[in-house]
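Working notes for the structure below.
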Amino acid sequence: MYRNGEVSEDEAAEALEGLRIEVIDGMARIDTGRNVRCGMPEVVLAEGKEPAAFAAIMLAQVKAASRCVATRVSPEHLVALQARLPPDVRMEHRKAARAVILSTGGEPGPRVGTVAILTAGTSDIPVAEEARLIAEEMGCEVRTAYDVGVAGIHRLFSALKDVIPADVFIVAAGREGTLPAIVAGLVDRPVIGVPVSTGYGYMGGGEAALASMLQACSVLAVVNIDAGFTAGAFAAQIARGGGRR
Amino acid sequence: MYRNGEVSEDEAAEALEGLRIEVIDGMARIDTGRNVRCGMPEVVLAEGKEPAAFAAIMLAQVKAASRCVATRVSPEHLVALQARLPPDVRMEHRKAARAVILSTGGEPGPRVGTVAILTAGTSDIPVAEEARLIAEEMGCEVRTAYDVGVAGIHRLFSALKDVIPADVFIVAAGREGTLPAIVAGLVDRPVIGVPVSTGYGYMGGGEAALASMLQACSVLAVVNIDAGFTAGAFAAQIARGGGRR
Amino acid sequence: MYRNGEVSEDEAAEALEGLRIEVIDGMARIDTGRNVRCGMPEVVLAEGKEPAAFAAIMLAQVKAASRCVATRVSPEHLVALQARLPPDVRMEHRKAARAVILSTGGEPGPRVGTVAILTAGTSDIPVAEEARLIAEEMGCEVRTAYDVGVAGIHRLFSALKDVIPADVFIVAAGREGTLPAIVAGLVDRPVIGVPVSTGYGYMGGGEAALASMLQACSVLAVVNIDAGFTAGAFAAQIARGGGRR
Amino acid sequence: MYRNGEVSEDEAAEALEGLRIEVIDGMARIDTGRNVRCGMPEVVLAEGKEPAAFAAIMLAQVKAASRCVATRVSPEHLVALQARLPPDVRMEHRKAARAVILSTGGEPGPRVGTVAILTAGTSDIPVAEEARLIAEEMGCEVRTAYDVGVAGIHRLFSALKDVIPADVFIVAAGREGTLPAIVAGLVDRPVIGVPVSTGYGYMGGGEAALASMLQACSVLAVVNIDAGFTAGAFAAQIARGGGRR
Amino acid sequence: MYRNGEVSEDEAAEALEGLRIEVIDGMARIDTGRNVRCGMPEVVLAEGKEPAAFAAIMLAQVKAASRCVATRVSPEHLVALQARLPPDVRMEHRKAARAVILSTGGEPGPRVGTVAILTAGTSDIPVAEEARLIAEEMGCEVRTAYDVGVAGIHRLFSALKDVIPADVFIVAAGREGTLPAIVAGLVDRPVIGVPVSTGYGYMGGGEAALASMLQACSVLAVVNIDAGFTAGAFAAQIARGGGRR
Amino acid sequence: MYRNGEVSEDEAAEALEGLRIEVIDGMARIDTGRNVRCGMPEVVLAEGKEPAAFAAIMLAQVKAASRCVATRVSPEHLVALQARLPPDVRMEHRKAARAVILSTGGEPGPRVGTVAILTAGTSDIPVAEEARLIAEEMGCEVRTAYDVGVAGIHRLFSALKDVIPADVFIVAAGREGTLPAIVAGLVDRPVIGVPVSTGYGYMGGGEAALASMLQACSVLAVVNIDAGFTAGAFAAQIARGGGRR
Amino acid sequence: MYRNGEVSEDEAAEALEGLRIEVIDGMARIDTGRNVRCGMPEVVLAEGKEPAAFAAIMLAQVKAASRCVATRVSPEHLVALQARLPPDVRMEHRKAARAVILSTGGEPGPRVGTVAILTAGTSDIPVAEEARLIAEEMGCEVRTAYDVGVAGIHRLFSALKDVIPADVFIVAAGREGTLPAIVAGLVDRPVIGVPVSTGYGYMGGGEAALASMLQACSVLAVVNIDAGFTAGAFAAQIARGGGRR
Amino acid sequence: MYRNGEVSEDEAAEALEGLRIEVIDGMARIDTGRNVRCGMPEVVLAEGKEPAAFAAIMLAQVKAASRCVATRVSPEHLVALQARLPPDVRMEHRKAARAVILSTGGEPGPRVGTVAILTAGTSDIPVAEEARLIAEEMGCEVRTAYDVGVAGIHRLFSALKDVIPADVFIVAAGREGTLPAIVAGLVDRPVIGVPVSTGYGYMGGGEAALASMLQACSVLAVVNIDAGFTAGAFAAQIARGGGRR
């Protein structure tokens, strides 16, 4: 509600009243005003939700906001959604991103700003694709370069050429998670590190990558392990440049 | 060297040659080209460096780049620096930020972009001041609201009014580290969380704050515990908006 | 045995003698005096128990105490119980709470005191339902508001209106576990935080939520991750107000 | 602001306006309305605050609320406070609780409800005394039994006799932290466990005690390691029984 | 080889020569002299071994030592063993202990010394049974009392009566792992604590129990989580009293 | 109170009455019956206790039991004790063990059983000396071999010859903590591992030693890091062989 | 590219150009120059890769380099590879090492240098076999001694005789991970410790072994838990002795 | 004793006899045969040793072996050593390495093999200097390049030129510990990573560096945090190439 420069008493009052909240089956409260407030699509984390409940929430969202996205979608979630899909709702399955999109209307508007996404290895691609999907939903152009590696530093130089110029970089890396810091030492735009839960052995669930990104000497901000959604949305907030411009 | 849109073979070659690197006493290698490459001032982490070595590095930096900053400066570092200060170098001690600035010439240029900095408590202020110093050095206007709290949510509403509009928010918080996520749920610009090592008991060294920021449902990026420098530089990269614009 | 104001030498002696303890198959010792001693129903943790042993323990309990509850019940446990159920024992399966109730006689008595239960998300509901079941078994009225969220703080205001007045609040939250601290900053009754093992990545098994609740600046007490039973029983102890009143 | 049964639109509006917030030196925001809202005294955590800033905050608090408390007070804090103390403010140093109380007026009102506080060893006493101070400030009668031990279980029986009847129990214990669970198995009122950072070796900073309290089979709620303040305030909320009664 | 009082140069030489070592398929080296050296049966940890390799090792052991034991035996291990069993080898499956015994000859000799084994809950029984099996194999009498609990301390008094007098106590406990410390405060013989990986949530894999046993104020020694074998063998070493007597 | 074979109803009653408990200054409860109950001297952990309180407790103990021991004694503790020492109490400072002994009467009785104590390095000696003191106080003969090492395995063979025959072995080791497991593979009597907080870097506070002892393939029981007292008392319980013999 | 003594500007330039990098399906970048640069075969970590993608990468590698290896290969990976195998590519499955080798041409050249590989138990063999495969691929002779144990130190002496002389030792061990340190105390060549994720309970996933190897008093270098590939390649780098000789 | 190719029965016997072991004050056992056995100088870890004991050990060592080294030497250690220094022993203090060398005779022999040592920052230099000292004592030539950094990758290229050709590389790095992996991707000789305890915040004591080195995709072996001694000795073992050549 605190969009820059236009905070009004009315908006505040409205928030307190909770006017835009819809209750589903006494189980979920749909906050259909979030898009207006934070400029972000409705994104549902499917993981951990019962398939039927998941489908009900998704359909309520798309009815209210004309478009919504779910991440970490399992086959069970897909089946439950398909079985309840009304004829006027379009469903798109993005397998590489483990995501699904429901929409009743048009596409996202014209692209504003560019997000570059790199991965260190091929196992980091699903997380990168989740970030890409969200950034595109939020209206950004996305360029990707995957499996850039760090063992052979020259692969990085070639990949960077493919994705610049960009307003912001997302760099996903598992194991030792070194790539984001190296990229941040080479470019003059913000770099967001995404630790990925690949690797094995000591701190092999992404913790080593998280630690090395947090300790990096380069300037770097970090999101949770495997948090493609957060990285994509954060990057889009940067790339869009805000209402002030 | 990979400034957007102007990557040249020459710059790459130059990097390999290492032309701009200066060796001090076989002990430190000064990378005097960093400002050009990443648009960032030279910032020296004083902590862990011998006072004499620290002073030598600082003076080499300021000679090469006309301005440089040191963070986490102890009284011993200050004394060593003062004792070696040439007459044409100006030294400024920013106590609240535990920082020192050396310069031979002019001020930072005109302000570009606005960074808002909030803290949850009064103990988070030194970290916030470090972030502020760096963002200002990088040419941004900074607005602050400290001790905003989270126990009484109404204090937050009043503080937000003081700092908006802003291009990006830095929110520093110790203990449970909740404030950044709440701010991120209320504004439509990027929010950077800085965990602070206040608190005591279980995960009281900032780890609880770090964990809760990484797990936040809101869209939030995070830096290392107490990493005011990183937060300030990252925010400035966002607020300046890049050369492309 | 140390019920307030009525500690007798006889009770102590009785405890030493172990009069009320029943041994099943050399495998389990049934403490059928617990209800008298602590005013709590017999609650069996099914998880980790062999189905046959589980059924034997449950039936011994219900025979001695006329009513008993099991939590974290798997389908195998249910089948084993059903197969051994005598005609005079009633069995009720509460799926949302993953619980089962055996009884030979009447219902719990009239309601004394009110427990309010909130959850941050929909994934926290099973834990909340377990807490609800126990609090109701212990004779309290329970009011719930689920999926209250924290990203949009205004959803909380609307939810609080639904559940007050209450004698005590249980607030279940996964991921960053922020909601309990916020509720505790707004109400003047005790708030019990229940960390839930939702979330992923760094400390995603409920540890981040546990840490942020323990570090909270608000006044808050905490139970183990996913410990709906403990939260419900503790809240009921508060809400009932004790025999002294 | 959500006192049971009397939520008004005006209170909510007032909160948004932030009327009761006072800013000190651009450094701290005093929330002088907290006593009204949550029925709790103003308590300042001295640790981590600069002595001069600490004194300024305390004096602003006592001016606004006529009484305020600080915990974890060092000699430096005391000296700074003493040096700035106006003639009409009374200062009381509670050494055993490492606390200081400022007041301009009368004593706390008549006692409502009883809190029993036990400790396992003598090293746990400072934490227990901090809890006692807060509970007394919040208007409760407090009974204590210290160094109750667990190695010789018979010491516990004798200690319990000294403190019952009570509305709620606080049990502080370091090392293995077993005592709270044992007490909770013997009484029918709520028991709050406080892990204490005594002990050495593996998890000797209070983590072993925290873990064993969270895993306890008895019904027990827990606060942070060494969190005497939280335990005392939470117990007082229970013992006072709320405005509804 | 360092049996008390009879260390000879010859034994040492023999060890160096490696005379008693048998190599199976270039894969396992059977140390058939261990029984002589440490007075312990050959015990094979089945877990983590391929079924066929496991069977080959077992059969080599029983051929050399006339009796051997395997713990943590899966159905696949049993099938592999059965299929290769020569007619002159007897195989006994101890289901409760997840163990299997092969023998070609007589029973263990007469009982020397008594080991008492207690468990806190029913889930701790498999670990206790593993300890029992080993202690019996090493020639001790074993008395057990299971599901003794700690919430109701009077159950413990009754159980202790069942198992004393004993030379040494093994106490297995999961969750908060309190029982061993309490037993150690009541008896004058050595008590060995065995943490068990029951429980859930924070440190629920036995770590809380391990920590609380290590921090115990009572005199207590500890073995690894779920290490029934180690506890049983260590207790038997104590109970047998050594060759010196 | 549960001395083997002589449990009486009277003893149990006596325990409940708490007859032998003495309260000092409302601060400590002296359990002067412990020697009778568990055959162990009164041992006070000085660390974490105020010097004056420490002295008061010690003097009460020695008055009641004619002999008592304190471990982890600082110079401040010694000064406080000396200043309050009555003429009829003898005080002995054992510097190597960081311990002090008060006594009013005779020496410990004749030696029963033998405890061998080995250390891996010289830094482990203070912990070993603490163990030695306790074992001697409990009436055992102690033989020691320090700085045995593990890098050169032949040093071990020579050291073992110095200490056998023994009823039980205590082996203290820091860093990787390997020595106890190796000793346990060579002797046929119980071996108690004591992890010591020497070492540096990863798990250098004794955790690596603790972990490797718990995981040892040999039969080994473990006590807390630096817990010389526990190791000594546990070993003495074994070496004395109990009243039954 | 920095082969000793022959660094040329051209090689550096070539690296920047990225001439030898091949992109597969926009998904993987094949660095076919690695063999030349670091003298190491192309090794693909199958785990975490989609079977089809895995097969495509392997076939591109073998086409470019005539020989390549994959580790941690599942049956699904094997099937996918087999289905796409061209007639001119030979596929060899090394089951014990969980590896597969593709080749179009000749064998590895003549053996240079000797690597000795020891394991503590039989469960460590798969990791040892992975190391062996890599060392052999890199042209070394390998000698192995498995299940050497540590409980009976004499088994080690016999095993060492089987494998010496060698240029370098790899010692794989799970549980307490003691064997590498002992070997390092006995030989005068480099010893590489490989922690293995066998064991159970506290730090049973290889962490105890890792910790004890890092803390070892002997001179020892360590690789990640289960990292047979790294150990084998590192050992081969040592054994080959480099181009300079 | 197992020097390659020359294992004799006599050497083994000698080891058992322990002929070369000298006992100092019942406190330390000097293994004066280590140099012969493992080709390594006697190195004493001063940290954690009493100054007087430290001096006694050093003097015994130098008497037996004509040369010995101590690391992590404090001023107190130096003073104690100086005070006891006989006229025929030469003492050399290497301040940068925090080391001291005692010798009665000549210098180390001619240089065999070359060790290259790099550090990421200036704070890593003490650890690197400790490694250098040991490698030189073991007869290797050492080349160093300090403060190589990773933020600007071009500084690395310039530094590598300074130190090659080398037989082995030691790379010390704190914070994110990335440099060793990058070096390992560029050279064809073994690279040893040394994590350094610089950095702050999350895993700032060297754990992040350790984790990232263990997870590195490049081929890399690792030693304990700050373990300059181990890295230097291990590198020298490699560089010397063994007696066999």
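Should a chain be cited, it is by its letter among A, B, C, D, E, F, G and H, assigned in written order, with residues numbered from 1 in that chain.
By definition in this document, a contact is a pair of C-beta atoms (placed from the backbone, for glycine too) under 8 Å apart; a residue touches a chain by one contact, two chains touch by 3 or more.
Listed by chain with UniProt protein names: A, B, C, D, E, F, G, H = Nickel pincer cofactor biosynthesis protein LarB.
Predicted model, so just to flag it, every value in this text is computed and none were measured.
Participant: Starting at subunit B, how many touch steps does it take at minimum to reach subunit F?
Facilitator: Graph distance in the chain contact network comes out at 2.
Participant: When you check each chain against subunit A and subunit D, which touch both of them?
Facilitator: Correct list: B, C.
Participant: Within the chain touch network, how many edges lie on the shortest path between subunit A and subunit H?
Facilitator: Contact-graph shortest path, subunit A to subunit H, evaluates to 1.
Participant: Between subunit D and subunit F, what is the separation of their C-alpha centroids in Å?
Facilitator: Centres of subunit D and subunit F (C-alpha means) sit 37 Å apart.
Participant: From the C-alpha centre of subunit E to that of subunit H, how far is it in Å?
Facilitator: Distance between chain centres: 42 Å.
Participant: What is the distance, in whole Å, between the centres of subunit B and subunit C, each centre taken as the mean of its C-alpha atoms?
Facilitator: That pair's centroid distance is 47 Å.
Participant: Return the distance between the CA-based centres of subunit C and subunit D, expressed in whole Å.
Facilitator: That gives a centre separation of 26 Å.
Participant: Show the residues in subunit E shared as contacts by 2 or more other chains, in ascending order.
Facilitator: If we look for residues of subunit E contacting two or more partner chains, we find 1, 12, 16, 37, 149, 151-153, 157, 185-186, 201-202, 204, 207, 210, 214-215, 224-225, 227.
Participant: Show which residues of subunit H lie in contact with subunit F when the two form their complex.
Facilitator: 1, 15-18, 21, 26-29, 31, 33-34, 37, 47-49, 53, 57, 195, 197, 206-207, 210, 224-227
Participant: Can you check the complex and tell me which residues of subunit H touch subunit A?
Facilitator: 120-121, 149-153, 175-178, 181-182, 184-186, 199, 201-204, 207-209, 211-218
Participant: Mind listing the subunit D positions that touch subunit C in their complex?
Facilitator: 1-5, 7, 12, 37-40, 157, 160-161, 164-168, 185-190, 192, 210, 214-215, 219-225, 227, 230-231, 233-234, 237-238, 241-245
Participant: Using the touch rule from the top, collect the residues of subunit G that touch subunit E in their complex.
Facilitator: By the definition above, subunit G touches subunit E via 122-123, 125, 144, 146-149, 151-155, 157-159, 198, 200-202, 204.
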